[in-house]
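Labels run A, B, C and D following the written order; every chain starts at residue 1.
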Amino acid sequence: MTDSTSTSTAPIRVTVWGENRHEQINPVVRGIYPEGMHTTIADGIRGLLGDEATVTTRVLDDPEHGMTEETLAATDVLLWWGHTAHEEVTDEVVERIQRHVLEGMGIIVLHSGHHSKIFRRLMGTTCSLRWRNDGSDRELVWTVSPRHPIAEGVPQPLVIPGQEMYGEFFDIPDPDELIFLSTFTGGEVFRSGITYRRGYGRVFYFSPGDEVYPVYHNPGVQRVIANGVRWARPTRERESYLVTPMYLPGEFDRPVLTDENGGLIDYYTREPVAVRGEGAAS
Amino acid sequence: MTDSTSTSTAPIRVTVWGENRHEQINPVVRGIYPEGMHTTIADGIRGLLGDEATVTTRVLDDPEHGMTEETLAATDVLLWWGHTAHEEVTDEVVERIQRHVLEGMGIIVLHSGHHSKIFRRLMGTTCSLRWRNDGSDRELVWTVSPRHPIAEGVPQPLVIPGQEMYGEFFDIPDPDELIFLSTFTGGEVFRSGITYRRGYGRVFYFSPGDEVYPVYHNPGVQRVIANGVRWARPTRERESYLVTPMYLPGEFDRPVLTDENGGLIDYYTREPVAVRGEGAAS
Amino acid sequence: MTDSTSTSTAPIRVTVWGENRHEQINPVVRGIYPEGMHTTIADGIRGLLGDEATVTTRVLDDPEHGMTEETLAATDVLLWWGHTAHEEVTDEVVERIQRHVLEGMGIIVLHSGHHSKIFRRLMGTTCSLRWRNDGSDRELVWTVSPRHPIAEGVPQPLVIPGQEMYGEFFDIPDPDELIFLSTFTGGEVFRSGITYRRGYGRVFYFSPGDEVYPVYHNPGVQRVIANGVRWARPTRERESYLVTPMYLPGEFDRPVLTDENGGLIDYYTREPVAVRGEGAAS
Amino acid sequence: MTDSTSTSTAPIRVTVWGENRHEQINPVVRGIYPEGMHTTIADGIRGLLGDEATVTTRVLDDPEHGMTEETLAATDVLLWWGHTAHEEVTDEVVERIQRHVLEGMGIIVLHSGHHSKIFRRLMGTTCSLRWRNDGSDRELVWTVSPRHPIAEGVPQPLVIPGQEMYGEFFDIPDPDELIFLSTFTGGEVFRSGITYRRGYGRVFYFSPGDEVYPVYHNPGVQRVIANGVRWARPTRERESYLVTPMYLPGEFDRPVLTDENGGLIDYYTREPVAVRGEGAAS
């Protein structure tokens, strides 16, 4: 008999979040992404993952920025692209997203999302970097972890003809995994593909994607993002760890709480508990 | 001639922050720590580091919780013990402390401080754990990084006769360094000594220290904390990285900003800048 | 259209290597493992993975210890249990196994295999530890990375009623991932489930498994090992990286070598190469 | 009273090992390094550390390659530069050096030493990389861990006008710490400053230093190397961990061995031992 707990066949539920502001005001961006960057990103995932994923999109101007409890509860992997309006995202929504990540939802943060509230909240640092965007730079994305699933099928290097320069020092915690390093025409370097675990959720940051270049039409970039979706998907049900459970000696699998009188109650059922062995003794 | 940039001889400026609530209401705690836990912790550091450090204390009920801009600017290493009143610490003060850590201040978080706002802010996770406090547990602190400076002079294992049990799963990011692992009489295990870098600052979490046991009178515990102070001290001036600087091609060491007309101005002086080589050309 | 490069459906080719010496001379061990420990380990994998894996066994006394070039080339994941006869394994075979790991073969090292030549070769350290085996210890295996695929379906904690004590300091490089920590009745602690990447191959060390206890009959231990097999399987063809390739400027994807006259030859075909663009120029 | 266990004032005993072959046969190299590369490297350390260090040199053609037991026992930090004659270094000497590292000696491996026997032994991987050496490359060394002691006083970036290109994929274990990343004119990237702990010793690899460029005359490179010496110095006596000690329950600090009759003998004195408490009981 075969145990198959780890090979789920249900489609990955992907939600692509786009700020969708540059597209409204900058004709260059609208020319590259007539339906919005989020749509192009979503189409790239659909094209590569097919039936393996169901992909929807949300934007900043949706009610609650589209990040309702219902949407997040039905999202396996969230992608996040924001830039000019980070401060418009409410703290309440940021906390909600963070909670879902800690409970198991995967998140992929793209490009200027390095300065988003949700990424800085998950990292604990400024997430600042050096940059330049004067049309002078080609980005080369080099793989330094060649057998990582996110690097599968990615050229060495992945060439992005035009891109904004992002450079070190990038003020992040040391990544759990360093997958990609990027260089730029000006000679700068950047840790452009990095992963973290936060709580029960997986985090992938991938830096290519300035809005004035057609980066999300690039097949190699699409390949990385689709791989990231596969990698970040949770393998188990969402689970909360906000309350710290108490355990009696030897009762490794039975958390308890105390009621107002100091009596022990079951963590899950909230019923009074008898300690194992006590029944026999009394 | 000798370069000595890294061997500062100025005393380490240490501030010990104590919540100081249990001491006021619980006679057991007051019996162990008549002057407050923060005082005992501070005395332990003074006893081991002598002239190497100057140690002061602050408590929750001080104005601004004692964590004013002036105090933090004059602190090299901050120690934090809190438990019952985490929520009373204002968000403004938490952000101020976080900023100082990211700019270079060291921080040592003790025991129940795992659930403090500042630690959760720096970690990005729930920092929850399993626990038990019924007087049944001895804690053994085992060193797994024997040549780490924080482990210097610490017995293998360090025996703490009575302690609250803290057990895994401890919901933290993977530590940069794992120094100590603790076991308890009930058979549980805990990552009890861990370090992180956040921005330009160093973070050390050390879990022994429940208020109803005389843990901070234990010479081995005092040794760990004094070592931690040495390790967490910054070696350079505090430095902000909140604004992301722009760099022109080849101008690796000269960040610029743009003024309201799109003109380039120097990042530090805010004066208009001429790009190198341009002067010669014009 | 769906790209499915990462979801191979071919069975995982598993080879379980057993030293098979204790079973010949110690009636206690023979009583627990009448067909040898390797057979029980192999049966455990078959029982849990079914058609997902094909499992064979090899022992020390096979020609070339059963580790021929042919066998290794046809192995996706190798399991290694040795104890009393580490020094009998020839250096030639150890180098061959190491080469296959670096080229992509997964390896799972069990229990006393911590002191095997192959494990020490991959680690670069002594891999020494503290120990005790007097029948007094129960081992509790605690998960500290609850969403890691190797921890899937493993109880928290996994209880092993009788086991040899392995304790810290365990002289290993800092693991890439720390999955399990074990405690023992005597109060000791051990990093009992750890992973490393070496070259293109994955390494998993799991410490339970002294020969005088029925550890490999334990369903939880079998679960960990089966999960480890899934995790360690390579997702791509084996690939050698022994020769360092030279690259001309801009020729990112075309390595070259120099012939005896200093002329450039193709790394793969060994044919003379013309540099891109040169043809047009001449 | 001040405890000062961690602030040793004795000079760091540094040994610089040079292969010293290119200097004999290549006039370009001899022109840059008339006294050998090892002499220039040693002079750079002397110039920056002054009385803080005593520096000597050894070369491949010394008896036992200069790496006698006596020399290694009197070395706190060993620097290693080799290239064309890695295979001439005997396995016996390599094992001796490895043993000293595991017992606490620091080691700094430079440039083409990535393929030396000692580095590959400590890493467990091929340590292969991509390269180019046609005079077309400038190397920029970027700091990604700005408060690491090895990065102190190093310009951002450190510019090396002429250098061999070393590029990714670099087949190494994931570093404990990533300090420097280098880019090259051709657009390649390399993890050029990395650290590892192996046993009780510290390992630092720094990649600049091809013999046909005056790299070790560069003040920034000298600064990095001097910082590395300070960082890699051991803070305690050398200590062996080759034999795995046995411990009785509760006897955490007293390892024992068994004699030929199965009796317990003290690990250090080899005298018979009485278990604690037994004397009182009998």
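Criterion: a residue touches a chain if its C-beta (ideal position, glycine included) is under 8 Å from a C-beta of that chain, and two chains touch if they have at least 3 such contacts.
Listed by chain with UniProt protein names: A, B, C, D = Trehalose utilization protein ThuA.
All values reported here derive from a predicted model rather than from experimental measurement.
Trainee: Only C-alpha atoms count here: how many degrees separate subunit A from subunit B in terms of the superposing rotation, rounded to the nearest 5?
Mentor: The C-alpha superposition of subunit A onto subunit B needs 180 degrees.
Trainee: What is the chain whose Cα centroid lies farthest from the Cα centroid of subunit C?
Mentor: With centres defined by C-alpha atoms, farthest from subunit C sits B.
Trainee: So, what's the distance in Å between the C-alpha centres of subunit D and subunit C?
Mentor: 28
Trainee: Using mean C-alpha positions as chain centres, tell me how far subunit A is from subunit D in Å, no decimals.
Mentor: Roughly 38 Å, centre to centre.
Trainee: Based only on mean CA positions, could you tell me how far subunit B sits from subunit D in angstrom?
Mentor: Centre-to-centre distance between subunit B and subunit D: 30 Å.
Trainee: When you check subunit C against every other chain, which residues touch at least two of them?
Mentor: Within subunit C, residues 140, 146, 156-157, 167, 169, 174, 185, 187-188, 197, 252 contact more than one other chain.
Trainee: Can you check the complex and tell me which residues of subunit C touch subunit A?
Mentor: Answer in residue numbers: 1-6, 47-52, 104, 140, 145-147, 149, 152-153, 155-157, 159, 197, 200, 202, 226-227, 230, 234-236, 252-253.
Trainee: Would you tell me which residues of subunit D are touching subunit A in their complex?
Mentor: Checking each residue of subunit D against subunit A gives 138, 140, 142-144, 146, 156-157, 167-170, 174, 177-178, 181-183, 185, 187-189, 191.
Trainee: Which residues of subunit A touch subunit B once you look at their complex with the stated criterion?
Mentor: Listed in rising order, the residues are 98, 102, 115, 121-126, 128-134, 136, 165, 167, 169, 171, 173-174, 176, 185-188, 196-199, 241-250, 252, 255.
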